[in-house]
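For clarity, chains are labelled A, B and C in written order, and residue numbers in each chain start from 1.
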Amino acid sequence: MSGQKKEFPITWGMVIDIDKCTGCGACMASCQTENNVEPQREASNKLRATSWMLVYELTNDKAFPNHDIAYLPRPCQQCGNPPCVSVCPVIATDKNENGGIVSQVYPRCIGCRYCVAACPYHVRYFGWYDPIWPEGMDKTLSPMTSVRPRGVVEKCTFCHHRWTQAKDAARVAGKDPENLDDGAYVTSCVQNCPSGALAFGDIKNPKHKVHELVKSPYAFRLLERLGTETQVYYISRREWVRKLGDNYLKSE
Amino acid sequence: MGLDRRAFLGLVAGGTVGAMFTPIPWKLIDDASIWTQNWPWIPRVPKGQVDYVATTSKLCPAGEGLKIMRVAGNPILAGGNASHPLSCGGVSALARSEVYMLYSPARIKSPMKRNGKTFAPITWEQALVEMAEKLGAAKGAVASISGDNTGTINEVLTALTAKLGSAGSFMMPSEATTAAKAMKLMGVQGQAGYDFENADMVLVLGADIFETWGTSSRNRKAFGANRPAGAKPANTYVYVGPTRNNTAAVCDQWVPAAAADLGVVALGIAWHLLKAGATSNAPGFDTFKAVVNGGFGPEDVKRATGIAPETLATIAKALASAKAPLVVTGSPFGQGLGAAPVIAGMSLNMLLGRINKPGGVSMLPELPSVVPGALTRAAMLDGDLPAFLKGVESGKTPAPKALLIYDANPAYGLPEAATMAKALEKIPFKVSFSSFMDETAALCDLVLPNSLPLERYDDVATPYGSGFCVYSLVRPIQKPICDTKTTGDVLLGLARKLSIDLKFDNFQQVIKEKVASLTKVSGGFVAKDVMPWQVAAGKPAPALVGGDLWKALEAGYAWTMVGQAAQPAMGFAAEVLAKAVKAGKPATATVLAPYAQLRTGTPVTGMPCQDLTMVPDTELKGDTTFIRVNSETAKALSLKKGQSVKLSGAGVDCQAKVHIFESVMPGMVAAPLGFGHTAFDYYSQGKGANYLSLAAVAEEPGSGLSMWIAPEVKIA
Amino acid sequence: MSIIEIEKTWYPEGVERCSLGKFMKWLGVLGVVALYGFFAMLVCFAYGLGVTGLDNYFGFGLWITFDLAVIALGAGAFFTGLLRYIIRIDELKNIINLTVIKGFICYSGAMLILSLDVGQPIRSWFGYWHPNVHSMLTEVIFCITCYLMVLIIEYVPLVLEQKQINKIPFLHNLAHQMHVVMPLFAGIGAFLSTFHQGSLGGMYGVMFARPYAFRDGFFIWPWTFFLFVLSAIASGPCMTVLICGFMEKVTGRKLTTYRVKSLMCKIGGTMLLIYTVFKYLDTWAWINDILPRAGLTFDQMFYGLIYGKWLFFCELVLCLIVPVICLLTPLRKKPFFMYTGAILACAGVVINRYVFTVQALAQPVLPFTKWEMYAPNWAEWATSLMVIAYGFIIMSLSYRYLPIFPQEVGLNKK
């Protein structure tokens, strides 16, 4: 049955300001190369393409001129109560580390795709084929993320390797690695977003900006009523955008 | 002694059971699981010392400063540079591609010479000899095209072309071309710079400022900085254009207007401002007032554009009451706009008193030239390439005998592609310096691949749209991977061969000289602790310590300078407006509203392979691109969702499928640019259609400028 | 003696079989289908699952539907075994062998497909080595592999009873001893099988972020756990009867009495009735509690033709109420109604497994996503057909050479 929300002293969270997102895709581009996702020739087949970070186009479904659109970047939501973790038969994915990032252990995954089925956010991607880089391009692979063989499931890890790096840097600087400064650890998409629409930090740390942002009256999470308790928050001053974050009955 | 069956079976059974007690089977099973993550065909990630070096993006027109992560000295990732004013940490999908594009399958691996329909590799020496011979013979009729708006390489290219006897040195048409023409007609010098950082109300007329127009990464940072998440924004952005594009999607208001009507909208707002008492002592104000009052009243504008009078009245009021309003005009797809709409938009800035003010517009001076005999940027921008090539095609202009093409892909990236291709065919000797096998390179006689930005010295000087003068360095952090050379070096070598003196031996010297010249410009400083927009807002500019400039640039800092050059007052150029801007009846034909996005690359880069994933399946599905119409237009044209259609214009047909998208004006067909390549690699080739080829070029009355802002198309 | 003559000595005592030539042709046809599927399987192993029609929306597709369906329909084995050996309904001895073979075929076939379906088959044993005890799938892996072993143990004595093999005293005795302990295995089998049938249902019921599939439940088991058990034991016996009837049609020989088949169908029908009651209750609670809690309506669970409501009514009316009437009323005495009832009962279970596998994934939970389509491609069909052909081959060989129908000799006396 659905488990309980897992609490950790540090809770890494992302806050995405939808009202600032132009939908350019720079976050996706950042993510793909940071995390060694292969360039995909048939990327227009969205049911097969791998994009740990994916920008959705939202619409208010009205006709011209009352139509409005918004863009919603969607990383792994790092649920507090992840639907994917309890279902994995081999503990290849877990939420057991301070920070609350849902892990994915590629060498452990047997590729049953039960987690893919369980996740309503579609953040989990399966390796349908072995990854192939154009000749020589594998020289630009990032040393921070392993290359996945085919047959395993992969997903956004909040650039977990950057956290490790940030902790190391803090230790070298004689600071407390468990109490990083705001901005010492941010994901690749957050760092490179040209609009500054993405913010990242420890939701529980009052010194971090996201600590306040998640309390905004305009903040919402995706599919809150399913009890997934995600660690990714969205902010929009537009009500129709906030309403698209969850399913509502007509009476609500 | 024989082994009977029973003994044999016993041995096998015993052996099996015995083996179970050894580590062998368990080790094998364990190993098997290790193999499954270490198959030899799965690439290994590199190991080694990680460090970061700075450079500037040259592939991305937004000119972001980059921090390149290296492992064991090899570039791995391109990230934004937080201390660079055109990046502030942000990086576009295109700039992100700088590293992996080193290994793009479309890269040209060595110099090549046309051999019938194919190319044969040659050596650089052979290439130089061949080129020297052909260019020597073509003297007096050598033309050049550059697609680089910001590099000092243009000085080398134009100086060489001039010494060879120039038939014209052209820049690929862009927002900068249009703006330069407008500024010239308004009687001022310099490049219009827009101070978004200090503006609190921005009226965007057409320009896709957050995607393709100018310094788009910096524009977005400026926009976002004053809009804290979830709080009331400290600035207001209004977008006027045919579609709710990436820019309009985040603006506070979208006013639908045809791209052809941008000038009308601007003058319609001017009417309200004038009525409210706005005045100016700039030359031509009286004529301007007469023009506006004569034909751009609220009802005129409504009839022409469909925009309700109160909409424009509200905008005019907001502009007039804002502390630092700013009006910026451009093409929704980054090219093809006439000069008049830019003049009309600039008139609003003049009425609002926004010239050379914080949060306003400044006429940024050109940085000093270092190569003798080179054209200035203004002079280059004054050329009209589409008009020139059309002239060549029709025989009105004599075809040059030789053409040098640098960082440009006119066979793909110009409107009226069929005409342009015919014109190029008439030029007997063409040399491309492209890094990638693009459509133009495929037509050339010699292809002399330029090293990529990470492999060469280059520079970025004040990209169009920047609110301040800015200069940043591009430097090699990787040895050329293929047999390529920095085109600057090749051109200087060629000059030597032809005994032409261009003062420099290699391109690095040119860049060093350029940097040295900056130290003599007064008011320049290195943006480190103080950013140029802070200086514009009144903070004192730090002093420049000359000797350190090169080092600072190498470290990824930018040289900047704020403010405009002393010059005569800007005029209204009302006579141009009177001829070119007409509040006529709205077009009845179907009008193409192209839109461009950095993620589909530029005509020079093709589709960066990683960016294909970013393209939604409402834009490209399989090998077909989608056009966008709203349901009203779809009904009028009897189009259905997903239907395959043929678009025709300028003698060219393009295939498309229909996507119903309500944020497109009625009667408009929005179409994505950047697709339909016939060259490059499998990430670009054959993906969709090049809708720019449908656009017919017309001459703008009053300015004579080529324009293709609102091409008519037929849909079947 | 010629080979043809020797082959005849392998038949069970006192029965007639078609000519060897005809039998070889039959096997040949099946072999071609199986080989094609085998080729598809090799392609999957060589290139990866990209050659299938599966994708990131439909990580589960035809294969999982097929697995769940055959495992449900194969449930006749454990349930009949339970009734025969533990509850001691003696009459079932006349059909128990068939159910065992069917069970063996279904489970071994499902295992084959599963090994294809996981992306890293070489790591399949991780389910034992690194088990997540909270995962329903772990339970499935445990139970299915264990139960397959039980089925092998149940199948082996049948093979040993083959006329020629049985002549070897050691094997004869072994077969006898195995028969003696069979109630033990029937018990183990019933336990394991109940659990994994349940866990298969539980797999879907626990997906709390997939409102189409999610169900509340009892302790750690969602209601689908019990529903899947019930539907499996309802359809299993019906499937056995259908196979038996089909074999009679093909061979032209009587294999069991109508009475036995009717009894099996009565058992199936009774279970189906119980299942129907609970399924209706469950559906009611799903519509009125689970869905509104998620902010969704019943109508939003269906879309277009493929995912239309017709399938829902097919499953809940045509394939539940109708077969219950056919199987539990005197209508059962007429073969047409009995077989129709059995077919509908089995079809209902297949639809049930399909909608839980595919429609549950197709239903867009995020409000800004849309229904997506899934179509299995040749690789999935070919491998599934391979398993069916494999089942036919095993069944044909077993029928030809093993004494699986005790009543056959008596019923076919001329």
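FYI, contacts are C-beta pairs under 8 Å (C-beta built on N, C-alpha and C of every residue); 3 or more make two chains touch, one makes a residue touch a chain.
A quick map from chain label to UniProt name: A = Fe-S-cluster-containing hydrogenase subunit; B = Anaerobic dehydrogenase, typically selenocysteine-containing; C = Polysulfide reductase.
Computed from a prediction, not measured in an experiment: that's the story for all the values here.
Note on interfaces A-C and A-B: more C-beta pairs are in contact across A-B. Every chain gets a centre from its CA atoms, and the centre nearest the mean of all protein CA atoms is that of A. Our note on geometry: chain B versus chain C, Cα centroid distance of 61 Å, whole angstroms.
The mean-CA centres of chain A and chain C are about 40 angstrom from one another, to the nearest whole unit. Per-chain CA centroids place chain A at a distance of 30 Å from chain B. Along chain B, residues 33, 36 each make contact with two or more other chains.
Residue positions of chain C touching 2 or more other chains: 120, 123, 126.
Looking at chain A, residues 45, 50, 57, 59, 130, 151 sit in touch with two or more other chains.
Taken together, the chain B residues at the contact with chain C in this complex read 29, 32-33, 35-36.
Every residue of chain A that touches chain C in the complex is listed here, in rising order: 1-3, 45, 47-48, 50, 56-59, 72, 83, 86-92, 108-114, 116-122, 124-130, 150-153, 222-223, 225-228, 243-249, 252. Listing the residues of chain C that touch chain B in their complex gives 120, 122-123, 125-126. Remark: chain B residues 33-34, 36-37, 39, 41-48, 50, 69, 71, 74-77, 79-80, 89-93, 96-97, 99-100, 102-105, 210-211, 216-217, 220-221, 223-225, 227, 229-231, 244, 246-247, 249-250, 256, 481, 597-599, 609-618, 620-622, 630-632, 662-666, 681-683 touch chain A in the complex. On chain A, the positions that touch chain B within their shared complex are 15, 17, 19-26, 28-30, 32-34, 36-37, 39-41, 43-46, 49-51, 55, 57, 59, 62-65, 67-71, 106-107, 130-131, 133-149, 151, 188, 191-197, 199, 213, 216-219, 235, 237.
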